[in-house]
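Here it is: the structure, laid out below.
By written order: A, B, C and D. Residues from 1 in each chain.
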Amino acid sequence: MGKVMSTADAIQQFVHDGEFLFIGGYVCRPPFAAIHEIIRQKKKDLTITRSNAADDFDMLIGAGCVKRFIATFISLGVYGLARCYRRSIEKGIPHKIELEEYTNLSLPLMLMAGAMGMPFVPVKDMVGTDLMNIKSFMGDGKYKMIESPFDGSPVMLAPALHPDVAIIHVQQADEEGNAQMWGIGGDCKWGANAARKVIVSCERIVSRETIGKDPSRTIVPAFKVVAVTEEPFGAHPGYTPGFYDMDLAYGYLYKEASNTVEGFQAFLDEWVFGVKDRTEYVNHYIQKFGYAQYKKLQAKFDYGYPVSYTY
Amino acid sequence: MGKVMSTADAIQQFVHDGEFLFIGGYVCRPPFAAIHEIIRQKKKDLTITRSNAADDFDMLIGAGCVKRFIATFISLGVYGLARCYRRSIEKGIPHKIELEEYTNLSLPLMLMAGAMGMPFVPVKDMVGTDLMNIKSFMGDGKYKMIESPFDGSPVMLAPALHPDVAIIHVQQADEEGNAQMWGIGGDCKWGANAARKVIVSCERIVSRETIGKDPSRTIVPAFKVVAVTEEPFGAHPGYTPGFYDMDLAYGYLYKEASNTVEGFQAFLDEWVFGVKDRTEYVNHYIQKFGYAQYKKLQAKFDYGYPVSYTY
Amino acid sequence: MSNHPNDYIKPELMACCGAREIRDGDIVVVGTGFPAMSANIARYTHAPKATLMQESGVFDARPARPALSVGDPCLNPGAAMIGGLTDVMGMFLQGGWVDVGFLAGSQIDKYGNINTTAIGDYEKPKSRLPGSGGANPIGALAKKVLIIALHNTRSLAEKVDFITTPGYLDGPGARERWGLPTDTGPQVIITNKAVLRFDATTKEAYLESFHPGASVDEVVKLTPWDLRVSDDVHETEPPRAEEIRVIREVIDPHRMITIYEKRGYV
Amino acid sequence: MSNHPNDYIKPELMACCGAREIRDGDIVVVGTGFPAMSANIARYTHAPKATLMQESGVFDARPARPALSVGDPCLNPGAAMIGGLTDVMGMFLQGGWVDVGFLAGSQIDKYGNINTTAIGDYEKPKSRLPGSGGANPIGALAKKVLIIALHNTRSLAEKVDFITTPGYLDGPGARERWGLPTDTGPQVIITNKAVLRFDATTKEAYLESFHPGASVDEVVKLTPWDLRVSDDVHETEPPRAEEIRVIREVIDPHRMITIYEKRGYV
């Protein structure tokens, strides 16, 4: 059985209710094809994490898939506060999610620690603030303060994280899952490698030979990957460097829709439940906004230089 | 004053007696042009480190530049034990260097901790062995054992390292020092970023625009770099991926020479003191072994694919 | 154009105040909006060797247009280095290399503590805000922190509802007690009315200068703590002709800065 | 060629013994020489999905010739992933993903502890060896460790002069006491005379099989501790025809393996 499969099959086989998910991205490369599939399959009680969450996390929360969120930040970027998230926290709609809050330094380091097999990692931020004082579902395990055995100074230790599954979207991967990425990384490499299983969504599946032409670009090795899904335009309305731009107009649509419960539901009905997969989604996008708009998002042609690894 | 300068000037200005040096490389990319210059300038009392040291470290030790060595391993690869190193430890020739020994897991992590501003890093190896029992110049600061405040299990903490200067050799850098590398990395990125100052030796100086065509290849940012030296063939007899192969015949020459104190001295006289810089070194190499041998080392032509970062 | 043209808007003045805090050669970690604007004004005027980074993993970007977020597509092509969060927030910020950090917040208090987490009670917030993101580590670890704020009694506070990002915490000695690096902390609060600076002893923000059109009395009235006034309080220097030229011709030809007027920075 | 050809050399037999310890799908961290040879025999015979990595930062290399070191130029072109030491030794090994590690050493003791640091007194060594390199972490953290050794009373020892790399340390319970991951540790010592395996209770190496041409008595005599002999001790299975074919035609057509004969593996 190969690893190349549909996103629906990947989510069905490898994401289970109650599991802990790392979902990669940082404005770029949110794995939206997989996000929509999680919602379509009505997954429940998930714990989700990444540094700087955005519309994809907001959508999962609004759709009721999320129980817990190990968070640093969530917003809709230029469109301000994340509406579903606020409704969950402020009004319990559809239910109040539990939050454990860290920062964009501590959380990526905790994922790094998970990836590196370190039990914990010292972090220099957080101390003295209410991010220390407030503990939620991680309880006393949120962090520990110790005196450094080297010089006695106070040091915060944050625990390593080990997600059950990581879902990332990258530019290219081979059929075994060797995944290559370039451009803004966020905490994608650490989050993926901290997880027990990785689902790689990619713009294009390439040959093992192509991977071997530039192995320094690989961020996840095949042996960690359980599924490879080819989803061109798969990060839309986020962007993928070298492939397509972010879609601000669509982002506005989501912001407006998610202002109300009804609007959000209608948005899901149209863009998630109303299509059966990413192909239908892109087709619907082009039907609705026209090919010119779709084409406008495609990246300009500006390639760099190839390098050699020979001897 | 720009950062681009001769290796002689870089070593003169930025490497001082008694300092702590990280010297990058891992069979590939040893910064030999700089190594020879350190010997020519008769630097003294250096503390040196990297994981898996080789002929370059052996030469510095034999030349009497080294006081202390934070080590994991040193050999001449296929040619076996490092001769100058053995003479130093076993017979005190030219003097006995002090050793503090770690491993190829703990040392790179200690450099990572230094680069990351972490005071220490938990490591899972070392415990229970004589690498724990023997402490040298780092004394009780070599490591600390604690009980994990999370689960009570024993954890070794290794201290962060902060070299005064890092010297690395990479494929390309711009005039400000943004340094790009591909292929086997060893502990080069962490060692360079852990240091207070970085000297970047490179095969070719490229424009800032070229760097910007593929910024994910950059391992050290300009602001850490104090000197940029263009030294083609600068890692010889080591190799640089995409540029030239390792020179086994020359390695044999060094092995044979370094078997005796006299042979080693004659080798230095010919290849280090007998030339004033890397240009004369390469010229001497070609004079002695012929252009055909030089040409044979040049890398085959096998370039990969360019990528785009556009939107 | 005179040396201090009169037709500037308040966000332009504020951006210039930020720019003037940056020295040549500074390493500046920026968000979007004011911070990027200020840092770029500095680069194009007195600090050509200042370099910028974004927490997402970008060093020395060369965006073709103002970035809308720190992960904006325009930050990728042409940057000097792109890695991930642990490169910028770990290697560069926690590593001790960042000279200047810019922060904003929904609530700022007299010690420069910043709240971007929740207004009201944390468990039952009146308004749930985005959270720390990179703010807490920047506030903890950058050598100089510049804070941008709206000057009114909601945005400024005697004590914030939630300390997301450390200023001087509960006052003198607190940062040291928690082991935060020495010689770090908030430097200045730049509002739409004034520039507040922090007293070296009490760690409280005091009035250094009021913007043209504002007055000491007005600023004191709009500040919800007993605001100390510097002995040599003065009017803020308006934008210089060269600064205005750089903003309008180089950095922000499409005048995206005007959105700050709509957000109340007038 | 019969099913077990007779014209093999001892290093070929040893490499096959190593190969047979590898299961399909195993992640194997290899050095050069025997380890790479064994892992590749496995890949080309019963374990096509085993993948190799080198500590220098390489995963799934496709070298055009046998690598002379774990940093060899031939490991670069065609690899699936190249990073640095913290990728392979940190993310993969310390992260708990490595199934098999191969080690050799100048001295091995009955608990599988390995000395690659110094013969004699550490401070005044008779012979100073290279040091740990990646050996200690591989011995500490790989699930199964395979040890290659010369079978004589200098290379094997009741107790090594210096424990560079942990086997079972001072016996049962020691690895657990030090917090080493459960279900890790040495699996087998493959010598030029025999295969020793570790007793689950005592953690001492015992004789499992002697190579063709050797005998139980000879092996016991060459072993400097009171070597226990398995109840079903037997002759080691010689290299199979297919294994020999793979070694000579695919992996090592230039017969670099013969250097091990010169090093005493006869």
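Observations
Just so it is clear, a residue touches a chain if its C-beta (ideal position, glycine included) is under 8 Å from a C-beta of that chain, and two chains touch if they have at least 3 such contacts.
Remember, it's a predicted structure, so these values are computed and weren't measured experimentally.
A centroid comparison over C-alpha atoms places D as the chain most distant from chain A.
Here B-C and A-C were compared by C-beta pairs in contact; the pair with more is A-C. Chain D has its Cα centroid 40 Å from the Cα centroid of chain A. Spacing of chain A relative to chain C, judged by their CA centroids, is 29 angstrom. Inter-chain spacing, taken between the CA centroids of chain C and chain D, is 58 Å. In chain D, the residues that reach two or more other chains under the touch definition are 58, 73, 76-77, 82-83, 86, 90, 93-94, 141.
In chain A, the residues that reach two or more other chains under the touch definition are 109, 116-118, 123-124, 153, 155, 182-183, 185, 213, 216, 239, 241, 245-246, 302, 308-311. If the chains shown are joined wherever they touch, the resulting network has some other arrangement, not a path, ring, star or complete graph. Across the assembly, chains come into contact as A-B, A-C, A-D, B-C, B-D. Of all the residues in chain B, the ones that touch chain A in their complex are 109, 116-124, 141, 144, 146, 148-151, 153, 155, 157, 159, 171, 181-183, 185, 210, 213-214, 216-217, 239, 241-242, 244-246, 299-311. Contact residues of chain D toward chain A in the complex are 27, 51, 58-60, 62, 73-74, 76-83, 86, 90-97, 141. Within the complex formed with chain C, the residues of chain B that make contact are 115-118, 174, 176, 178, 193, 208-209, 211-213, 215-216, 218, 220-224, 308-311.
On chain D, the positions that touch chain B within their shared complex are 55-58, 68-73, 75-77, 82-87, 89-90, 93-94, 113, 117, 122, 125-137, 140-141, 162-166, 169, 174-175, 177-181.
Note for the complex: chain B touches chain D at residues 26-28, 51-52, 71-75, 77-78, 81-82, 85-86, 89-90, 101-106, 108-109, 112, 123-131, 134, 153-155, 182-190, 239, 241, 245-246, 248, 302.
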